[in-house]
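There are structures below to look over.
Note that chain A is present in both complexes that follow, paired respectively with chain B and with chain C.
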Partner chain A sequence: MGAPATTQEITLGERRIEAYAARLGPKAFTALFAGALLVALCALKPAWRERLEASYLVAFCFFLSITLGALFFVVIQHLVKAGWSVVVRRVAEGLSLNVGLCLVLFLPLLGMTGALYPWAHWAHGDHAPAAHDTPPTPHVGPGGTPHDRQHSPGVEAAPGVLTQSSPDGRAIQAELVHPHPSPSKHTYLSFPFFAVRLGLYFVIWWLIANYFWAKSVAQDAVGGIELTNRMQWWSPAAMIAFAITCALSGFDLLMTMDPGWYSTMFGVYWFAGCAVSAMASLVLCLFALQRQGLIKEVTPEHYHDVGKLMFAFVVFWAYIAFSQFMLIWYGNIPEEVGWYQRRVTGGWLGVSVWLLLGHFVIPFLCMISRYPKRRPGLLALGAMWVLFVHYVDLMWLVLPQPEDFLAELGRGPRRSPVPLLDLGFFLALGGLFVWNTARNLKGASLIPERDPRLRDSLHHENF
Partner chain B sequence: MSASTTAPETAPVAVGPQHLGVLIEFADPDALTRAAEKVRDAGFTKWDCHTPFPVHGLDKAMGIKPTILPWIVFGAGATGTLGGLILQLYTNGIELPFSMLQSTTGLVSEVLSPFLPSGYPYVVSGKPVFSVPANIPIAFETTVLLSAFAAFFGMLALNGLPRFFHPVFASERFRRATNDRFFISIEAVDPKYDRKRTRELADSLGGTVDELEA
Partner chain C sequence: MSTSMSTTAPPLPPGADGTICGVDQNTWDDPRARAPLITGGLGYPEITDTVCGVAEAPRPPRAWYIAFGVSATLTAILGCMIAYLFFTGVGVWGNTNPVFWAWDIVNFVWWVGIGHAGTLISAILFLFRQKWRTGINRAAEAMTIFAVICAGMFPGIHIGRVWMAYYLFPIPNQMDVWPQFRSPLMWDVFAVNTYLTVSALFWYMGLLPDLATMRDRATSRVKQIAYGIFALGWRGSNRGWHRYERAYLILAALSTPLVLSVHSVVSFDFATSQLPGWHTTIFPPYFVAGAIFSGFAMVVTLLVPVRALFGLKHLITMRHLENMNKIILVTGCMVGFAYGTEFFIAWYSGNPFEGFAFLARARAHYAWSYWTMIFCNVVAPQLFWFKSLRTSIPVMIVVAIFVNIGMWFERFVIIVTSLSADFLPAAWDYYSPTWVDMLTFLGSMGLFMTLFLLFCRYLPVVAIAEVKAVLPHHHHHPHPEGHGTPKPVSEVTT
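Moving on to the complex of A and B:
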């Protein structure tokens, strides 16, 4: 049942966000200012101010992950020549266009590297080559003191791994503030290279997002198959570039917070979070727009399919999270298990178990049936839950850092989530994000009105 | 199947070829869908549509109720998870029932132990003999295995397959159901089936009607 490209299925130029965006703007800015006020109030409390940067990184990564997931969604629709998704694609394109906002939000992070990344304190260039030949000498702190020497940031200390003996006798890796013995890590984990790398990722994302947006919007005016062919031609290259930069951004932003730790799975873990949060955001955007009487073309059939993808990526996240955990837990190598050790001790054990239930078991059981996927209200509820647990997942990734690094900064361990501070950042960045998404969608139709596969999408049905 | 295979003595009522139902042929899926709605509304149950490719909206036009297969698959999957965990608990996690029998009288142990093979707790990689993270991959695989079995064989069973004969095979024209024609078949075994009236309904559907006889 192919669709002739010339068939006019719908009236043109009726689906615009301008009126809704005008109403949404003040609300978004209220959220922004309320969030900023909340952050400012929280920062008055010294114990909370200590984790200001970490909370900001969580919020930044949350909205970056939605943007990247939406970019992935847009590109893969062209890659597989999907017909069903045409009526929801423009909204995803609008979400992916937030790359520019994310770049702006990233700039403050450049000033926060010292408080987030131990490698920012490594002295570069002047380390003695001979030092790298010596294997790391385990140094057991006497009597359980976290570390018995003063290490001032920027001063080259003898490369070494400080191993801390915990009361129950298990060795916990607690180095990482100190320069890593591997010279290649010194090259990679340096501030200039970090800034250039991230800048390059943003350029690539910006190019991909704008290319697919511009061609898609141009098609609204001219129609025809030509622009679709061009987007499809570019989609494999865009997908490869996205896959590499997305994985690397996960490594750079989150994994290097613990530069001694490594997991080759981590890039995929970050991608799983991107994809699941983007699907959830797409559901919420569609639901919000439909409540305004916009894009009536989106039917339960489309919700069903976006819901299926959301469900699939919830399961994918669990699969990846477990694969990463099990290999490290089974191998039980000190430099690897330290990362998980911090997350199964103290208050974080509860968060870990809660994540297993909240990010997998509960959504799995609640969304496995087609019943909730075909009911926009229920699906939107599920999407909100998924976004919430994704936020907690990012806190779980960011907050429990090596205690001796935090001690070097003169800070205590970040014990449990401080909801108020994180709520403040969520509101502030969320307000900006919603406002910018609406702004992105201005000036274009809310569905690709003359996409050659529009007919397939309008009559889409699930078997 | 030809008429010659039906022995007269086993089917005393049938004097000629046995009437099995009607087959209506359509040239396009839209005509088929419209006709299916009429057959559905007439209340037939032993009837079906045959198309060379999936036709959107046909399920609704035929009044097909949602299948219970997902629940069967879910039950089988949950059984697989539980079974996989119990299997590992039994084989590597505990020494039951052997150790339990040993604590009973020697005679019972002697008699029963060959029939109740014991698990063999074996420490691997310094992990507890029963430790859930290590057991998840096996539980996952048994879940997938039983789910796949339930989905595949459950689908066959719910469709009444395998089946070696269907009245539509009596028609030569039906071969085009795999190519470019769309068919509705109404079987004579349907309780609502009345040869004359069903034929009238078939004629009113706008397709080419074939009587199925074998």
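Moving on to the complex of A and C:
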């Protein structure tokens, strides 16, 4: 054996995104404007306008989940001292830096809580304006929420009384769902606490993402092992902070849309979506960059591993989704089944079945072989599919809620999703997201050029 | 942490030069190199001699005899307790209204959980390319099988009418009566049996090359025939190895979902019910994390004495133990996270029954068991944040035993406290075990230890063939852990 090879530093040529980012910018903004235009057109139709907030939440959660998943990926690479992933880590770091963009995109949501979260009306329901196009009907739709009625025997008699005492339909709806929200709900589900909590999560994510980005980029200049050691030192704390905030953000953003419903698994479900969408996004980013002739260091071996993780998280998602559904279905407790009831009635039954096929069966069968995982083009196709089904999963999580909400108010029938509106938001936010990701990666190499484990990664082989 | 950036690289730690490692210290971390997994300067022949020497020694160490005597006695007590139970009835246990599941099921879940480490090490760590698993996978898999055997015993003996035990399985019968397929208890029978079958196959297949080694080295005719039969004619041919590696990968892929499924199904036994404290959706992943937690704790508990007793310290090194302790820390944090989530949702839901069930755990009659669980499972493993503590033999033994105790209490807390104070206050009662409960549990440990000691005596405790694959000069590639001459980057990238 010769002298240990690991002591010598490696220098690579420049791997820069600037030229590609310049070409990408106009395309991203075209998508943004096309999407915004589509949304504006959809909003002309009053029935669709009521869906605006919910569709926005879907799109927001989609890009937030990619960002969080990428953050998870970056932190765990340091936590387990991974060698294989060095050449793909910088791109993931760039994705995770979108926390800032997500915070900006979150701000409009603060103005939408009234339309998305029934609890937003609990505190100030009494003095809300009574201006509504349709008078509220106390009748709960046939496919509505049987648990609401079963859970609270007094509700059948209550609607009339409530209609008289409070003209605000949404307040009535809130009371229908929960005649007497428990003190814990009053504490936890209040607008100021919600805003402060979410703000805190964003601060934590921002700190983690920027720390790992800054140290990683700094290492490109100075090399050595000290920065790696420091990132490793901080990775457990970052992972714990991430685990707690990620689970809570799932509860806060999505679970509280039905304030009566609760599931201890929901945070894990949200995390599974984050992880799977981040792996898919990473594949797409690598593929797009390589098509521009960049980061040729990434080989099918790396795609294979990212593909394995994507496959693993698809299965993990299915495991979590099945467990959550099966336990609630089997237990059949009125407080809990309503949430699923809403998703197996009306048009949503088809979506539920479709999710089972699209989010599990199809990707499972298509990606179990090593063949597609080692072919970047095929894997990118798989990644697009995974992102698509993840988007549908989020629609499935979000949209039945306000539909039910509106149906109970007697405003409009229960509708199946309006893909045009969702397409608009996807394009608009997607354009911003792509543009911002490219912007994040500017000014730094696309691979951590002097990471001490770079050699491991460059010579990585699956065998 | 210093803020100044040193420009001169510190020297590499000893053993990082990609040759056979003659030093014992391998718990260092340096991002430029991977620490050696075999120390003491062992090469191919020394590894074979060290491992086979354990089984070939004319007589085992004195400590083995003492341990075997104790274990065999406990196993005999287990036999007596089961006989007493069969002849007298389940009334000899403390189970009573409303706690109809008690120590029997607590022990079942505890043992199944312990039986998770082996397959996690041999399957999931294999898929994650964690080469350190090779030093410990054999013993961990053996332990897994014995733990599952102990676990499987409890549902069999707690059914009351033991002559109907066959009814656990869907056996066609003249009464045309079938088990309830919609019951998670039925799924459990399938899950545990599948797991036992696949784990045993995986373990046995991995043993083949080593059994052949033992056969070829055996000096007595009896041993030659015995090892010869079980080695299934293994010749170490190229084709044989090719098939072996393929089968290993496939079995690893098949076992991976099993690691998750078994304890998930066990958790369904509880979570499909409507009982507060049992019905919660996070149970499946939370049980799996807990199972890995307790499984690794048991592996540490067993391997620390085994490596000392049989001179295996260079194969099961401090780094192996440290890695296991890290997994204990991670899974301990996951379990703590699940406890927290359950409490949070119990509060958030505003459901008075949920809230009661969890407050009662922490503050009512069984608070002592709850706080024992929290201390052992959540607090004790935090010591492993410190490298000096997670590489200290006495500390890791104490923590691992705490974790074993804590995980037993976790199941006790879930099962007994939830049942003892359910929806009907008039039915509430305090459960106390009887001496039969205690001796049966102790006896199951005796059975487990007896089997494990026999394994240590007659089979290769370390996977000889696999461990050789992590010797530095095994690879002929220009790369992995930085051996050979690396190609210049320009050659690689073009």
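Just so we're on the same page, the second predicted complex is superposed on the first by the 381 of 463 C-alpha atoms of A that agree within 3 Å, B and C clash if a C-alpha of one lies under 4 Å from a C-alpha of the other, contacts with A are read in each partner's own complex, and residues count from 1 in each chain.
The criterion applied here is as follows: a contact is a pair of C-beta atoms (placed from the backbone, for glycine too) under 8 Å apart; a residue touches a chain by one contact, two chains touch by 3 or more.
The model shown is predicted, which means the values in this text are computed figures rather than measured ones.
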Looking at the combined model built on chain A, do chain B and chain C fit side by side or clash? clash
Would you check which partner chain A:S369 touches, where first means chain B only, second means chain C only, and both and neither mean what they say? first
By the touch definition at the top of the document, which applies to A:Y330: first (chain B), second (chain C), both, or neither? both
Does chain B (first) or chain C (second) touch A:K442, or do both, or does neither? neither
Max touched-residue count on chain A (chain B vs chain C) belongs to chain C
Looking at the overlay, does A:R230 come into contact with chain B only (first), chain C only (second), both, or neither? second
Based on the superposed arrangement, let me know which partner A:H459 touches: chain B (first), chain C (second), both, or neither? both
With the two complexes superposed on chain A, say which partner A:R23 touches: chain B (first), chain C (second), both, or neither. neither
From the superposed pair, tell me which chain A residues show up as contacts to chain B and also as contacts to chain C. 1, 326, 330, 332, 459, 461
Along chain A, where are the residues that touch chain C in the complex? 1-2, 4-7, 10-13, 81, 83, 181-185, 188, 222, 224-230, 232-233, 236, 240, 243-244, 247, 251, 262-268, 296-297, 308, 315, 319-320, 323-324, 326-328, 330-333, 335, 451-453, 455-456, 458-461
Which residues of chain C touch chain A once you look at their complex with the stated criterion? 1, 5-7, 9-10, 12, 16-19, 29-34, 127, 257, 260, 264, 268, 271-274, 279-285, 333, 337-338, 341-342, 345, 347-351, 385, 473, 477-487, 489, 492-494
Spell out the part of chain B that touches chain A in their complex, as residue ranges. 54, 56-57, 59, 70, 74, 125-127, 133-134, 136-137
Which residues of chain A touch chain B once you look at their complex with the stated criterion? 1, 322, 325-326, 329-330, 332, 368-370, 459, 461, 463
